[in-house]
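One chain, subunit A, links the two complexes that follow: it is found with subunit B in the first and with subunit C in the second.
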Partner chain A sequence: MKKRKKVNYSKWGYICIAPFFITFFIFSFIPLLDTIRNSFFQHYFSGLKEIGPNFVGFANYAELFASNLGKYTLNTFILWIIGFIPQIVIALLLASWFTDNTMKIHGERAFKVIIYLPNLIMASAFAMLFFTLFSDSGPINSLLMKMGLTDEPIKFLATTVGTRSLIGLMNFLMWFGNTTIMLMAAIMGVNPELFEAAELDGCNHVQVFFKITLPMIRPILTYTLITSLIGGLQMFDVPQILTNGSGAPDNTSTTLIMLLNTHLKSQNYGMAGALSVYLFIVSGILCFFVYRMLNNQDPDGSKAAAKKAARAAGGRK
Partner chain B sequence: MRQHKSPKLRTVLAYVVLVILSFMCLFFFYILIINSTRSHIDLQKGFSAVPGDYFMQNLKNVLNDGTIPIVHGILNSLIVSAGSAALCTYFSALTAYGLYAYDFRLRGPAFIFIMAILVMPTQVTALGFLRLITKMGMYDTLLPLIIPSIASPAVFYFMYSYLQSSLPIALVEAARIDGSPEMHTFNTIVLPLMKPAIAVQAIFTFVGSWNNYFVPALVIQTKKKMTLPILIATLRGADYMNFDMGKIYMMITIAIVPIIIIYLLLSKYIIAGVMLGGVKE
Partner chain C sequence: MKKRMLALIMTTLLSASMLAGCASSQSGSATSQSTDQSTDTAAAAETATAETTGSAAEDVSADISDGGKVINIWSWNDEFEQRFNKYYPEVQDVSKDGTQTTLKDGTVVRWTINPNQNGVYQQKLDEALKNQGTADADDKIDLFLAETDYLVKYIDSDINVAVPLKALGIDPDTDMADQYQYTKDAATAKDGTIRATSWQACPGLFVYRRSIAKAVFGTDDPDQVQEKVKDWDTFENSAAELKDKGYKMLSSMGADTYRVFANNTSGKWVDDGSTVVRVDPNLMKWVAQSKEFTDKGYNNKVSGQWTDDWNKDQGADSKVFGWFFPAWGINFTIQPNTGDAGKGDWAVCQGPEAYNWGGSFLIACQGTDNASQDADIMKKLTMDKDILLAITNDTLDYTNTVSGMRALAEDDSYKSDFLGGENPYKYFAPAAESIKMDKITPYDQGCTECFQNAFGDYFNGQVSLDKAKENFETAIKQRYPELTSVEWPSD
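Entry: the complex of A and B
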């Protein structure tokens, strides 16, 4: 390798990246260390009285795992998956339709604009809207009764199934457009000769979809799955507002971040710390997969594909 | 054409599915806007598909409600979102440029580090973050909602990819030969070149910040400093049954509709932005 002359300018490299790293160090790294440290201390408020901080080792973790952690982890997973399954199925279907040259869909642009719209809506306001629309005396019940579909109001938010379904529906509506557009980009990146060859060989569209489209975009599907899972782990706004933080009925819609929020609001630093570390480890494992996909050797094209997806998702939280 | 019937049938099916999905996406917002034009008494009567004539009155009621300072909310949200978008895009572009255009010893590790934290949730550090900003005297101010956006790994990565595909290093070297100082090169040559990427990410950061609820709700305590999502959340916490429903719908409208309007105006660029990463190599 030839040594380049721009080595002289290396100090400018440090200057350019300094603001990012200083900000990260102050507002993320120090807080992370402090969070981990707090997880080993008993420190909370009982009324106005401050208890602690006393070093208690792993007692907070023991308490956390003995409490409802498993239940809330399962809740979070259930709420995520009932939104994710329809999301990925519909997105695959739409993406393959939009990119199919044999069927020209009129108004494709307009459809794309409409299905992407909910992604930009404030989740808390969206949840508030759903709360009012689906309340016992709300417009949806009024409409259902007018149409004769039910005689008395359906109490959507009083049942586990109703509440979970509404949360799943909102997550589905907010994310399927985004996923559709990402998968479209992935399919459009597939070598068109493959599709042409398949057509010449007499494949029908179902065969093309399962034998060519799906295998070719598998890396992006995996990427979508993992990033969506990380997003699901962070689920908060929708269930929090919809149930007013209670996770009603009977905590069946309480997510992990809602639990964290409760501990933070009540200033139970020890428990909040232990829960944060738990979340950090779970998301760290997921991050590792994303990292591997974006950085490792590229035997099956997964690196390039995941990179595309990551860039496309740059605007995502 | 082979299989003459099948494609036709599929097309019909596609339209049916698309129309149903579009209906689902728009229906709820349609009721929202209709209901924001109806009075509380009218709303009690149930569902209606036609608008009422109470829009201005509802708007007035919301603006004059002292318990929920919505005007402050809008201003605070604007300040936080615009500030975050500006800082985030500028410094992400700068960081990307630093790692792309310069060779230095820590270049590789720095890049790997950012990739490792690319999708790390911010919630896991919230506890330490709150304690830190309290010590720094920034608790209950808007600053901690703006400054951390300087370090946005995902936006950095988008910018970096964009630079890879559109900034020839020769251009930087040419500017250098012409005697342009390094930062001047970035600000006057590189930044303008990155306009499309910056515009797309500015929109996304703005919207993300506008909608952000978790951290702001933990940081802000004073009513007049609250951003819109926190004010919306207080609606849910309030004695909901005694509330003027017209006002509730109007407040949700105020929180959502500006974003819908911006989106419809810029949808071409936003959709292209989401695609951009996908098709460009």
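Entry: the complex of A and C
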């Protein structure tokens, strides 16, 4: 009898993680299913009058793909890439400088804090600041005119190049500090003996960077790329505030989430649902790559080969 | 054992708090399902309120009561709040942050202000109106404001969110006799009841700078300047003259003249019962003229109204000559932007075409628990001639009293210091009496915003005319899913 009274502690583990799953189920999973359901209905408000819900099958999807979806997807991608490229280059450069013992940079901690600071400002406040700085009669223009570089104020926000570059610049400023710190952690995780050996063999800094640092931190680099891509997919507040929600000029800075916002403004649940499902699928595909990459502990394929050999041996038994 | 109990309690608490959160969010969504519900309750309350308001409420349904401690007023700027705090006789004091006003009988007026642009105000208001049925008594909206651009949406008798004035004990025939007819027409719902009231009339004029007029045309006399802007051809020639001397006729690329053209169209944006947006030929004239003015440098290429650049152009040392504004534009926009330095440097004349722009209407909301106070506020601030005249005298706002304004127009001793001694009512009064307001639709604000946005890119040289048209079609269909197509005038 006494033996049977053995306490099973593992259930407390399940109970303790239960809150997350319950929360996820109620606040994420049910709304997710509801979104998918909504995407098959025509349902919106005209003024204060409710129209629908009427089941329309895939009509919302058809309408979505027939409209500007492709253009907005491309916009989102372009806006992300023009922020990401300088971000990763500068971050790599700074990370390798800060971790290089031979360079002996003073006040490294202070720099780390300073480069991270822009990320602490609310994105919308940051966009508002840029909107004011680069407006037609803003400080940047009066500075340029005082310096004699231009006679007429430059209308940054009236041109595609200007608006897109500003959005890219903002995303770069906000995120390069974060990436730098992540890459520094990655570089510091590399076995220092490798660097010492390279030094003894007479490698210069450039060689060390390209032959040792870069290959060793590749997994983290890929991770940064994919998370940033998913973040870029959800880009909203910076272009929304900077263009006052219009995606001007000619909708060249309208992102997918800004399109979602327009549909939500008319409380168009059907179209918003269809767009959300589209976004869900796209980020699902991206997440799949992250998952594959993070679980890839066998970069050269040797483990897989060993496993295969073992399985073959087992099968023979 | 103790640990186990603790763990149990904690998990129970966690899940309980989650369930609680879930419950309230569910009840929230349940109430926001349809507006039919609120009309049902309104209908149910009809019999109850018929007793309190007596014979006034014969065939109108109203869900109103008295005795609330808080009056909630919603608006998109603080214009009405300023008027209220200054001119409503029952005001005791105003809180330091300006979000609350206390009345003499202890009732608190709570102000909720959301910006108009991009439909934010309407979005929030719609959300609140849907929850009106279940909101706490102190959170129910009692009064809200609506602009002429979307007034139709809220006074719709089918939706029934606006209380008919008769149900509040206001008799439109006697109490509103002195108001301009068009303000009453605009506030009349499909079933013939008046459901809103306004304190202002908004005839538009051309407001210009005296100093620039003197420098370029050699005179700042309103009648002679009028000769320089009497029709659009002359207007354009004068713009060229101004440009030669280094000035700009207008500030924005198109927005400033938009209302003049949009108010002189031959038809509505969307005809009743139709789902087709009809772009009026007059609006295409606006597009052509704005493009020409922008290309020739007659305007200051500001991207839109209410922007920082636009406000700066109204400053005392700006080179921009004039603006199309109704009376509220002078007191609410130009005065604060130009400051004391620009005082006396302004004057008004009729301009190329008569038009009307804006107008704020006051609406009592179904479900209000301060009905008699709502009625009193409406009566005092929109129908009391003495108060209206006081507002006009202090602020230059053009108030909704025909006899009062006529008297001012004929009063030769009346001089506005801000307008350099001119009597603007001489021009405003006849314009106000000729305003017609028969082309308003619930879609006006969205059409106006989308149209100006789409063609702003065209004025900037970013897109072709056809591309701008296409962008307008996309934008308007996104804004109002029920609209199916756009019809352009054949050139």
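The rule is short, and it goes like this: the second predicted complex is superposed on the first by the 283 of 317 C-alpha atoms of A that agree within 3 Å, B and C clash if a C-alpha of one lies under 4 Å from a C-alpha of the other, contacts with A are read in each partner's own complex, and residues count from 1 in each chain.
Just so we're on the same page, a residue touches a chain if its C-beta (ideal position, glycine included) is under 8 Å from a C-beta of that chain, and two chains touch if they have at least 3 such contacts.
Remember, it's a predicted structure, so these values are computed and weren't measured experimentally.
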Does subunit B (first) or subunit C (second) touch A:Ser266, or do both, or does neither? second
Regarding the shared-chain residue A:Leu74, is it in contact with subunit B (first), subunit C (second), both, or neither? neither
After superposition on the shared chain, which partner residues are touched by A:Phe45: those of subunit B (first), subunit C (second), both, or neither? second
First (subunit B), second (subunit C), both or neither touched by A:Met182: first
Pick one for A:Thr132: touches subunit B only (first), subunit C only (second), both, or neither. both
Tell me which partner A:Val161 touches in the superposition: subunit B (first), subunit C (second), both or neither. neither
For A:Ala197, using the defined touch cut-off, is the partner it touches subunit B, subunit C, both, or neither? Pick first, second, both or neither. neither
Check the residue A:Asn244 against both partner chains and state whether it touches subunit B (first), subunit C (second), both, or neither. both
State whether subunit B or subunit C is in contact with more residues of subunit A in the superposed arrangement. B
Under the stated touch criterion, which partner chain does A:Cys16 make contact with: subunit B (first), subunit C (second), both, or neither? both
For subunit A, which residues lie in the overlap of the subunit B contacts and the subunit C contacts? 12, 15-16, 19, 23, 26, 132, 137, 244-245, 265
Where on subunit B does subunit A make contact in their complex? 2-3, 6-7, 10-11, 14-15, 17-18, 21-22, 24-26, 28-29, 31-32, 35, 44, 46-47, 91-92, 94-95, 97-99, 101-107, 110, 112, 114-132, 144, 147-148, 150-151, 154-158, 161-162, 173, 182-183, 186, 200-201, 203-205, 207-208, 210-211, 213-214, 217-218, 228-229, 232-233, 235-237, 245, 248-249, 252, 255-256, 259-260, 263-264, 267, 270-271, 273-279, 281
The subunit C residues in contact with subunit A across the complex are 4, 7, 11, 14-15, 18, 22, 33-36, 117-119, 123, 126, 129-130, 153-154, 156, 158-159, 161, 301-303, 307-309, 312, 442, 453, 456-457, 460, 462-463, 467, 471, 474, 478-482
Subunit A residues touching subunit C - in the complex, by the definition given at the top: 12, 15-16, 18-19, 22-23, 26, 44-51, 67-68, 132, 135-138, 155, 157-160, 244-246, 248-251, 259, 262-263, 265-268, 271
Subunit A contacts subunit B in the complex at 4, 6-7, 9-17, 19-21, 23-24, 26-28, 30-35, 38, 90, 93-94, 97, 102-105, 109, 111-118, 120-126, 128-133, 137, 139-140, 142-143, 145-146, 173, 176-178, 181-182, 184-186, 188-189, 202, 204-205, 227, 230, 233-234, 236-237, 240-241, 244-245, 257, 260-261, 264-265, 269, 272-273, 276-277, 279-280, 283-284, 286-287, 290-291, 294-295, 304, 307-317
